[in-house]
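In order of appearance the chains are A, B, C, D, E and F, and numbering begins at 1 in each one.
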Amino acid sequence: MGRKIYLDGNMVPENEARISVFDIGFMYGATVYESLRTFRHKIFKMDEHLARLERSLRYIGLEPGAIIGEVADAVKKVLSANIHLTDKDDDVWMCAQVTPGKGFPHPVLKQTDYRPTIIVFDTNMPYADYVRYYSEGAGIVTTRVRNISPEVIDCRVKHRSRLHFFLAKREAMAQDPDAYAVLMDGNGNISEATGANFFTVSGNKLYTPPEKNILVGISRQTVIGLAGEMNIPVVEKDMNLYDVYNSDEAFLTTSSYCILPISRVNGVKTGAGKPGAVTNKLLDAWSETVGVDIVEQARRFSGI
Amino acid sequence: MGRKIYLDGNMVPENEARISVFDIGFMYGATVYESLRTFRHKIFKMDEHLARLERSLRYIGLEPGAIIGEVADAVKKVLSANIHLTDKDDDVWMCAQVTPGKGFPHPVLKQTDYRPTIIVFDTNMPYADYVRYYSEGAGIVTTRVRNISPEVIDCRVKHRSRLHFFLAKREAMAQDPDAYAVLMDGNGNISEATGANFFTVSGNKLYTPPEKNILVGISRQTVIGLAGEMNIPVVEKDMNLYDVYNSDEAFLTTSSYCILPISRVNGVKTGAGKPGAVTNKLLDAWSETVGVDIVEQARRFSGI
Amino acid sequence: MGRKIYLDGNMVPENEARISVFDIGFMYGATVYESLRTFRHKIFKMDEHLARLERSLRYIGLEPGAIIGEVADAVKKVLSANIHLTDKDDDVWMCAQVTPGKGFPHPVLKQTDYRPTIIVFDTNMPYADYVRYYSEGAGIVTTRVRNISPEVIDCRVKHRSRLHFFLAKREAMAQDPDAYAVLMDGNGNISEATGANFFTVSGNKLYTPPEKNILVGISRQTVIGLAGEMNIPVVEKDMNLYDVYNSDEAFLTTSSYCILPISRVNGVKTGAGKPGAVTNKLLDAWSETVGVDIVEQARRFSGI
Amino acid sequence: MGRKIYLDGNMVPENEARISVFDIGFMYGATVYESLRTFRHKIFKMDEHLARLERSLRYIGLEPGAIIGEVADAVKKVLSANIHLTDKDDDVWMCAQVTPGKGFPHPVLKQTDYRPTIIVFDTNMPYADYVRYYSEGAGIVTTRVRNISPEVIDCRVKHRSRLHFFLAKREAMAQDPDAYAVLMDGNGNISEATGANFFTVSGNKLYTPPEKNILVGISRQTVIGLAGEMNIPVVEKDMNLYDVYNSDEAFLTTSSYCILPISRVNGVKTGAGKPGAVTNKLLDAWSETVGVDIVEQARRFSGI
Amino acid sequence: MGRKIYLDGNMVPENEARISVFDIGFMYGATVYESLRTFRHKIFKMDEHLARLERSLRYIGLEPGAIIGEVADAVKKVLSANIHLTDKDDDVWMCAQVTPGKGFPHPVLKQTDYRPTIIVFDTNMPYADYVRYYSEGAGIVTTRVRNISPEVIDCRVKHRSRLHFFLAKREAMAQDPDAYAVLMDGNGNISEATGANFFTVSGNKLYTPPEKNILVGISRQTVIGLAGEMNIPVVEKDMNLYDVYNSDEAFLTTSSYCILPISRVNGVKTGAGKPGAVTNKLLDAWSETVGVDIVEQARRFSGI
Amino acid sequence: MGRKIYLDGNMVPENEARISVFDIGFMYGATVYESLRTFRHKIFKMDEHLARLERSLRYIGLEPGAIIGEVADAVKKVLSANIHLTDKDDDVWMCAQVTPGKGFPHPVLKQTDYRPTIIVFDTNMPYADYVRYYSEGAGIVTTRVRNISPEVIDCRVKHRSRLHFFLAKREAMAQDPDAYAVLMDGNGNISEATGANFFTVSGNKLYTPPEKNILVGISRQTVIGLAGEMNIPVVEKDMNLYDVYNSDEAFLTTSSYCILPISRVNGVKTGAGKPGAVTNKLLDAWSETVGVDIVEQARRFSGI
């Protein structure tokens, strides 16, 4: 019995989870979403994710009240329906998406169905994609493609109008096949990776781009919290490649891998060219907090 | 027997046309498309549309060759399958969409299916949405939401990462419930409506924003061509509200309504506050070119 | 015996207070000024106002020494001449303006009279304009018209070259007849209302735009001081509509109403859509500091 | 019997022409105006001036109809009342100003008098200010103060919110006491002088900044027309100091002096450091067109 | 007897041509220069090069008169001293440089020697670097490093403050070892290669970036001239990667290789991925004009 | 026996210290360097200088390891070779420069010699240039020439592509012959002087531009450190002329004069128009720290 997906109020088999081609999420990229993961089979920082989703909904003009409730329920349902497929020491990644509903052919002005489309699905953790970077460090390419301006869509909204992320990923892969893409903002400062936040370590301090030009990740806030507990100062400031080439360490944060050490940026070695001491300490602290050895779990269940 | 939609090589009933939630078109807004219409049951300017689609595909890194062929075939198939549903004096609107395929949960890096998703569907002309504006003129609201910068995604690509268009439409409706949204570029110059190009008429000349910040519409090029034949000079230049408030006439162009007279912008009367003489002359010329009285057809089949 | 106005060294009846059409204040908008009010018939924060006027004068190249002295005297004279017209529990609003003098027809190069024009006048508090917003909250519209760049005129100078404020007010009124206009800076961040500063409250913290793009209001500094005493943190940061739509409360500050609760921005409800708890606490604290119940006074003397 | 000024419907003696301190023109710099001159006692290009005033009025939201009529009448009245003071071979400069009326203390929202304030006055031509530059050439300083962005107020509106012009003039005088100030736009391109347009001559072509960032002068258009008749090509393009330092000639245009040769920019000699051949030819052509030897008239009546 | 270099008035052997470390050209990058080549042992477009050098000198504040004369003489001297080293069917590349002189340690304020440093040297044509690209086409990488803004140094000045060119070359090489670097301007439009101009061919028209953001190459002007004679329209317009990926052909122009076909940009095939027909036609036309088969000469003397 | 200079591994007499005209430092302005001075014949903050040089080298892509070692040695050698020329109470200024080596005629792609060029030289302190400003205060001119954008070359790299500094100095001298040039960044905020950092004092606080747009001087950091010890708060913030005209004091910092009081900016008196109390206190503190009376030393050895 395979995975089930929550779709418009129903639990449907994964391979039957399809949406109308007239859905505004598909026609306008007008989907807002959250990306979550479990630790020990519990959703990590559920409240923070729902609060951010609420802000995204309000920004795109959907009344958050009922939607947030339905999403919270759906997350529980999906977890309860599928968790038996997951080893007790393994975990899952989950995605909750909301679109404004259906409209055709002129969304908004003549929307045909105002009921939001709500989709929640989970999947195995994609350990194989990144597990080796815990020891090797991953590569980053900073792309020509720039991040979208807040005058167009505020970066703090987690949405799916991300053709520029798709383009940035392709551009990064063309230069360094395994590298992650990092976009600059309109002024040439580092903004964010496509779905992850960026940190450097210099002289035992953490540096990360300020909130104005990024999706403010729950994982980013987790790292800032852990650093606080470990008395590592965190400085939010605009950074460019001068900062990166002269930093001791660098890493990305996102909900799946939590913290991913970076060992090269645009082909240039970062610090010692391998995961740094502060990066590893933060990763250890995170593991301790959630009661899961994050790296060990990824190795054990990566299937590699 | 209802309309059929072309989806991934098959003709399927409209209400069964659904795509995977893991389609990159849905997950990244990474869909490129063309919006077409028929005159006398023939697609208008098919070659121009395919040429533009080819440019869009190349920009997002998909090899256009086979895709363009399949889209051309699909358009014919859909037309032939559904045209019997349409009165011989009526016409249809059609949409051809291409996504990079399926990828989950990490599109691009670990794309699971590299076959592009190709969707072609048609529909009745949405006359009821706009027919009265041929005589009254429509309203426009210039929105706070700005158009996306070419440093992020080139405006000449017709794509579906358009949350900002969704937001702009909502913003326009909040100020003037029937108005169309027009976005400014990052410098405060008029860019385009959400799916249409903007023109003004002043002293018997046409003015329209230059190509750098707009989707260069086939309808826009049609108007420029008609104007050429009518010896009406066309000037491509950056414009703002000073130009608009001091113009004699204004109109939008798109594939469905062709030319839509504008009678007010941000609540301010444009010219005489009704469709202008040059606008109407251009519309007449277009009707003549295609052998269909565009306005009359809209009135007859609007169902109002 | 009616109000008297201080004009060029004399006290003249209000309706006779006229300036030459050749005054540079009229010909160039080259007036700097302060807007003041009394509490219990004493000018509030007189020294702070004079210090700011001094900075404005220096910026436009007038030697502040003698002018500041004359303005200080004139304020006293006007207050003493007119205060008998005001109930002992009521107060007055006052305005002190300085222009570079007269020049015609080529100001500066061939200025005809280098004596600055100094004007000081007072008036009844305009309670009727805003008293109901203390309980209902007022509306705000963020305008297309942007605030002037510091590369043209520094925003910290309080001056009368404000055609853009006039345009912004008209634009706001067209969308929401009773709303106040708020302008964005050149980067799309919130700058200020036309003659007032903007604050939000989120999670019991105050947020307000930083000094670089605003007229740094004495009332704004008063609120920051009160918040400090109440242990409410104040964060100066760039904000846009994402912040506003997701804030708990919002308010404006200016010398007349002191603090004005905001209940909607661009037609969207702010927080609970009514004056918030923190806003009201700050207003109470201000009332206490000055020994005047600000809201009660406005209600009693509004004439409504 | 001295000059009379048209003010609010009446003809009043010049030294009694005063406006209320509560006039919105004074309180907001919200005055739009035209600056005119006569040739042989006839207003030059009256229709062009009224058309531009009409555009300015529409931009600031005043219904132009009645105002334009009153201004046209007032210009005639002032001319007829005062022309006897002027030698038959001399001419006058005239200014027509319109403000939105009176409002206090909250213009617009609570405007107290919606009748526009209309002022028209004339004066002797200020020949003494510039006559020697016809033979010597004048100096220009390009200022740190930048011109206002069209996102704030469109540069094509002729208005009196010009504190930045006042500041620019002072800055220019501080560097070169007799020099005219020229402002750059926000991108560092040459915009305009404070009340005049800028031209260079290179290789027998005229170059002048494009319309988007300037007040489009009637005199500028006159020069473009004359150049057309003389088969001198005119190129509208963005220019900076590289262009200026490498041009053969430069001049300003405005309604009083018509064409003013420039001989130095920021202390650097322009071309041969004296009025150029093309500049002089254009000035001669202008003189011929209007039947007045512009330079000779200035010399004769300059009083120097 | 080896090559001689002109240095400060003397002809010195190449390996003894050294400048003071206190030269302002070395201390400030304040060198302006021209890069020339011969055809049939005659300098190509000598007058155009001297005219541009004159403009560069004027821009940096050096009086061009005497310098231009000395440079013209020096070019002749170098040619006459070294041309015997060159086969009669081969040619040479030459460089003429001017610095403001010596100053230490505070150039300008306390310049120690105001005599400009003038250096002229020639060398074999570097055919081996590029000869194979005439048949294969070369690669281009558009770099993260942007071109300098005209508000800092006008791009039309040919100077040696080019650390950004050095950085761009390294960046290009890291991605594609044989590729040429092309820089974007501050708005993300294509500016120029490091020492060459960029052209595309689309639908039998030439497109090239406008003069405002480039060093306006003599070779670029030669191509524009040749295109004119061949009735190929040339459009100067801002371009970005959308234009490049959708063009039929692309090429670079500079004084050494004249026209260099481009076959890939950022790893993406340009047009057919080989030198295009229009490109080759222009190259043939150039060869004909100068009486040298440019490609054949490069093959014969490349030493490969 | 005169001074010796370290050049490419050798100690050579000063007037024989010449570099190849093909050095990339001369051909591309691709030199990075440090400017140092001694106190009591010891290099001040040697480690900080070497650390910054290391960051500069890494940014331009040179492996710092061996270079830093050689530079450190060379500084010692030069000091030991020349210090006997300096009075025991006097000190020297020193400069250490590194270029990528030689390349001709196509640096980087075909670099002919990859050994970096390393030059270290010292000189007498240039007291005569500035000694009188310790008592009078110096003048500053803020130039039209803007500072280079970090998107082109990061300002934190100390390099010699500084034609814009040369231009700025000339511009400043043209307005005020003895004044120092200060450049604004691309947004019109104060960046830095040509080789020095800028500070103001207001209300007993220090203000200085933030690191993002400046060369972060070792002297600047020294002042920040001294201020910390003296409990004077230091605020890093964007500043413009409003701040400067309204500040109490201003000064520059660099390695030679350490702290230079400013008494006028653009001809406008700063504060009291003479060195301020806080400025002098900081200078005294610096003198005390290094055991040298900085002002007294300058006076004694200035040779005036």
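In this section, a contact is a pair of C-beta atoms (placed from the backbone, for glycine too) under 8 Å apart; a residue touches a chain by one contact, two chains touch by 3 or more.
Fair warning: this is a prediction, and the values are worked out from it, not measured in the lab.
Centroid analysis (C-alpha atoms only) places E farthest from subunit C. Between subunit A and subunit C, the centres computed from C-alpha atoms are 44 Å apart. Centres computed as Cα averages put subunit E at a distance of 33 Å from subunit F. Shared contact sites, meaning residues of subunit F that touch two or more other chains, fall at 61, 146, 149, 151, 157, 188, 241. The complete set of chain-chain contacts reads A-B, A-C, A-E, A-F, B-C, B-D, B-E, C-D, C-F, D-E, D-F, E-F. Of all residues in subunit E, only 5, 7, 17-21, 23-31, 60-61, 93, 95, 97, 100, 104-110, 119, 121, 123, 126, 129, 145-149, 151-153, 157, 159-167, 169-170, 173, 186 touch subunit F in the complex they form. Touching subunit B in their complex are the following residues of subunit C: 142, 144, 146, 171, 174-175, 184, 188, 241, 266-267. Put simply, subunit D touches subunit B in their complex at residues 55, 58-59, 61, 149-151, 154, 156-157, 212. If you check the complex, the residues on subunit F that touch subunit C are 187-188, 238, 240-242, 245-246, 268.
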